[in-house]
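Given below, in the form of structure tokens, are the structures.
Shared between the two complexes below is chain A, which pairs with chain B and chain C, respectively.
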Partner chain A sequence: MSRTSAGFAERSIHSLLDAVDYAAQAEKRAESAGLLQAMDARLKLAGVLLVIIAVVTSRALVPIAAVLGGSILLAIGSGIRVRAIATTVWIPALLFTGAIALPSIFLVQHGARSAAFLVLRSVTCATLSAVLVFSTPWPALLKGLRALRVPAIAVTILGMTYRYLFSILDVARDMLESRRSRTVGVLTGAEERRMAAGAAGVLLSRSVLLSREVHFAMLSRGFRGEAFTLENRPILSHDWVYFSGFSVAAAAVLWFGR
Partner chain B sequence: MHIPDGYLSPATCVTMYGASAPFWYAALARMKRTLHTQTAPLLAVFSALSFIVMMFNLPLPGGTTGHAVGVATAAIVLGPWGAILSISMALVIQALLFGDGGITAIGANCFNMAIAGALVAYAVYRLISGRAAIGAHRRVIAAGAAGYIAINVSALLAAIEFGLQPMLFHDGMGAPLYAPYPLHIAIPAMMIGHLTIAGLAETVLAAGVVAYLQKADPELLEATAPAATRSCAAPLGVTEPGATWRRTRPLWISLGVLLALTPVGIVAAGSAWGEWSPADFSNQAARRQIARASGSVELPAAVPHGLRRLADVWTSPMPRYSAPFLRSAAFGYLLSAMTGAGLIILAWVFFSWLQRRARDGAGGVP
Partner chain C sequence: MADTVFELKQVRYRYRDLVALDDLNLRIEEGSRTVLLGANGSGKSTLLRILDALYFADAGSVRFRGRELDERAFESDEFAFDFRRRVGLVFQSPDVQLFNPTVFDELAFGPLQLRWPRDQIVDRVESVMERFEIAHLRDRPPHRLSGGEKKRVAVASVLVLDPEVLLLDEPTAALDPRSESQIINLLASLGDGKRTIIIATHDLNLAFDIADGCVLLERGRLAATGDPREIVRDTELLGRVNLIHEHLHRHASGIVHSHPHRHPHEH
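Moving on, here comes the complex of A and B:
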């Protein structure tokens, strides 16, 4: 098989597998025991959002660096390996933001300080988001969104999207692998583009069929267009303690970073 | 183009959430009204699909690869409102679960890619595709253009949001607190990548998917083509007798009118700027006119050596749109126009014949 013929299919399969792997890791860590896993998802989501907003608002570097340190400690306490955060969050964030921030050192007045703000802020927010995702199962996270007054229909669609994401991921991976295994010889760029467009088109047609089947299945189970989410567990006293911790941290960042 | 947390100020983030909210509300209300119970499954599956399509590494002309957002494809299949919701959902999942794009920037990312992208893609697609049949090649071109323009509009919006940050938000020392580059750096930096790689990726995906669906599943293209003529919608390549003439009749009439109007060109005096002949260098009236049109910069006194040498390499049979054997300049103009247009039409007929021959030859090979 030529290098070119393997190109599109192989690269796309890698991207799809990486996504599945990341989601599986997040799910596994979220269901294990730990500091943040014990916290109610609604308050955890609200608390993390408060701290992220405070970090984005801060006009000083030290409070942002303190939040980064705190979120690493929280990750360790929740059984999330720092190495996992480094590979999934820090390296991509540093590569992307670094590429943007580095030239500003030479192009912008006070560029070094500006670059430090950009890098530290984006890495800290990405770490907080990762800590939230790695310690909260997706359905619980969606309940948290519902508590933040996101409409039930939107939360339902998000939940279903997550479920069918893996179903369509499987179809896409199977399709690309079978195509790759049957590809012999050199494919030109135009042929590769046709293959990519064909793959997207097939997925589109299958998705329409899938949505019809899901729709009929929902109707047969009594769905009448109204979306409801299951009752959440009651918020316990220790949840409020955690939330107070997040709130105090956010207030401190806002105060020292004003 | 997924803006991470920390690049935009809280004020910008709030503004962008505020700008996106009415579109989300309107899109959801509209989808619920038209689809009712089908809204949730259709949007869920399409959001999942949008997410996956964003992961495709599309091979681009020139040997590079790129990722597409898939916004034009979604707008063409689902319509603008469905596309707004499905791309927004995919972006929310990317931000919340995969850390691609910031949580505080979800409003901005959705506004740039899902809302502006979908509306622009839909408008461009409808404008260019017009009443063309579902199977028409024009729809493929319309889809490609829709993808290209939509993704570049999205990128421009993101660049403007970036570029406004250093103007509005800096600390006591004057250091930019968020995205550091002003508009004159942010816009070109952002647009170069999108006018080339990302724009091409979106074009390849949108045009390719539409071309594929025209053959495999044309029904999926009908929702956003209410005025499409049905003649070509059925089997591709089968055209109703006389349909080609009816479709192109306005163009032929316009061409005839333009040909008849060509003598009007004589009214315009002088030469077009930069199209001077060696004789103009020694003609005082021509020199004055050229100087007036060139910001009072005089022509050199002598004809440049290169111009003199190359001016006589090729002598046109109809120099300055007039045949030497004709006395009437107006008739010469008309004859030149008819000759030029005729030659172009003949060239296209010849190329079409070659293309048809090549296609028929390829179709015969099993």
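Moving on, here comes the complex of A and C:
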């Protein structure tokens, strides 16, 4: 049965499998050898943030375009396919900001320049963010947020959300496969909607039960309401070299974009 | 004479209308390896959670080394931290127990909560990972672990605190034979005479292989206590509490009969 003619269960199973597959590929890419993968996540996050702030405050297009070019080079050096960035970042960014910027070309004096700034800034910042995420394992990225004084409880919640996303995906897939194995014929639209609503309700119920059990597991190992994290990777000398590179880039953008 | 670690007197616990434990009297001695046997729904998991002070009895008394385990006792951080370091529970489902982003974070969770110094945590976690042969999994997220690896990490995450009492809920459930034997060997190696181990299971082989004491539960009540080897051989008792079944089968000799038995077969 082709995916286009498949029912709700089949389409949903395909989507869930695609999501899990995408996440697995992203994890492998973030853990592979590469230029940015070798850098400490905390300094990488701080460096990217510095450059993003510089891009947002720049009043010249050329420095912003230079950062975009540099981001693409960093992506290539880190084994991140440019096509992946184009499909996940550039196309959505261009469509979204382009739709906002387009009227200003005709309605505002120097509208074309304003539109160019808006589009180029958003695409550049989004590209930098994507390169950061693609080159950093999610747990390391979350710990990096602690270096920026993001509260430990927020980092803990985000970490557990990521961790249990896969458990919930597995449960959802099993539920749908079970339903598909017991369904004969083609369901009407109304039947599919009822099935979807029922599945969502069951999934929510099981999530609530799971969260209760996880809370007990946390209590059992001493949790008293406060969250703590531990960074076990030391910052090495080459991490500071990388960070210096980001700092110089940010300073250059601020200077030439003033 | 060994010290008493846990003492339960007339303990009762209910989930709304369902009585999970009723009039339970039990004593667990230091250094013992006790197996809680019972069919599904007999109250084994509930009893473990009461021993781990996750549930508190509706009636009766639960004491740990002479100290009453009630909600008021756990209002004190000092007592709570001391108890959590000394008593550890390995949950039946590793997916419940493994809630951190990586294996390293999982093992570090307990010591972090108990406010250990950073260097001590790192040293202890590295040491436990080496012992459990999971150092190569340190940065792996739980959803990318196999069933056997998850169970090893789950046990390691509790043993990192070196508890004097180890509670395990169905430790061999859903494991392949190789992983199951690894866990059984691990449990056998933990019994050094000082650590108290309590295992909830319906696996009669586990009772036979590891335990020196057995508590048999039936619908929340105590059905029997004693030597696990004697209890496991009492087919009438095991049949009554639904731990074994009676079925019709044929022998190679051609004889067809039925009788209550436990697997593996004994004829």
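We take it that the second predicted complex is superposed on the first by the 197 of 258 C-alpha atoms of A that agree within 3 Å, B and C clash if a C-alpha of one lies under 4 Å from a C-alpha of the other, contacts with A are read in each partner's own complex, and residues count from 1 in each chain.
Heads up, the rule we're going with is that a residue touches a chain if its C-beta (ideal position, glycine included) is under 8 Å from a C-beta of that chain, and two chains touch if they have at least 3 such contacts.
All values derive from a computational prediction rather than experimental measurement.
Trainee: In the overlay, answer first, second, both or neither for which of chain B and chain C A:53 touches.
Mentor: In the superposition, A:53 touches chain B alone.
Trainee: By the touch definition at the top of the document, which applies to A:219: first (chain B), second (chain C), both, or neither?
Mentor: So A:219 meets both chain B and chain C here.
Trainee: Scan A:160 for contacts with chain B and chain C and give back first, second, both or neither.
Mentor: In the superposition, A:160 contacts both chain B and chain C.
Trainee: Just chain B (first), just chain C (second), both, or neither: which does A:210 touch?
Mentor: both
Trainee: Could you look at A:243 and tell me whether it touches chain B, chain C, both or neither (first, second, both, neither)?
Mentor: After superposition on chain A, A:243 lies in contact with neither partner.
Trainee: Using the touch definition from the top, say if A:137 reaches chain B (first), chain C (second), both or neither.
Mentor: Only chain C is touched by A:137; chain B is not.
Trainee: Residues of chain A that sit at the chain B interface in one complex and at the chain C interface in the other, please.
Mentor: Common interface on chain A, chain B vs chain C: 138, 159-160, 162-164, 167, 210, 214, 218-219, 223-224.
Trainee: Taking the complex as given, what residues does chain B use to touch chain A?
Mentor: Residue positions touching the partner: 4-10, 13, 24, 28, 32, 36-49, 51-53, 55-61, 63, 65, 70, 73, 77, 85, 89-90, 92-93, 95-99, 102-104, 166, 171-181, 185, 204-205, 207-209, 211-213, 216-217, 220.
Trainee: Using the touch definition up top, name the residues of chain A that touch chain C in the complex.
Mentor: 24, 27, 31, 137-139, 142, 159-160, 162-164, 166-167, 210, 213-214, 216-224, 226, 228-230, 232
Trainee: Which residues of chain A touch chain B in the complex?
Mentor: For this pair, the touching residues of chain A are 7-8, 11-12, 15-16, 19, 22-23, 26, 49, 52-53, 55-57, 59-60, 88-89, 92-93, 96-97, 100-101, 104, 107-111, 113-115, 117-118, 120-122, 124-126, 129-130, 133, 138, 141, 151, 153-154, 156-165, 167-169, 172, 189, 192-194, 196-205, 207-208, 210-212, 214-215, 218-219, 223-225, 227.
Trainee: Residues of chain C touching chain A in their complex?
Mentor: 49, 52, 54, 77, 80-81, 84-85, 88-89, 91, 93, 95-102, 104-105, 108-110, 112-114, 118, 121-122, 139, 141-144, 157-158, 161
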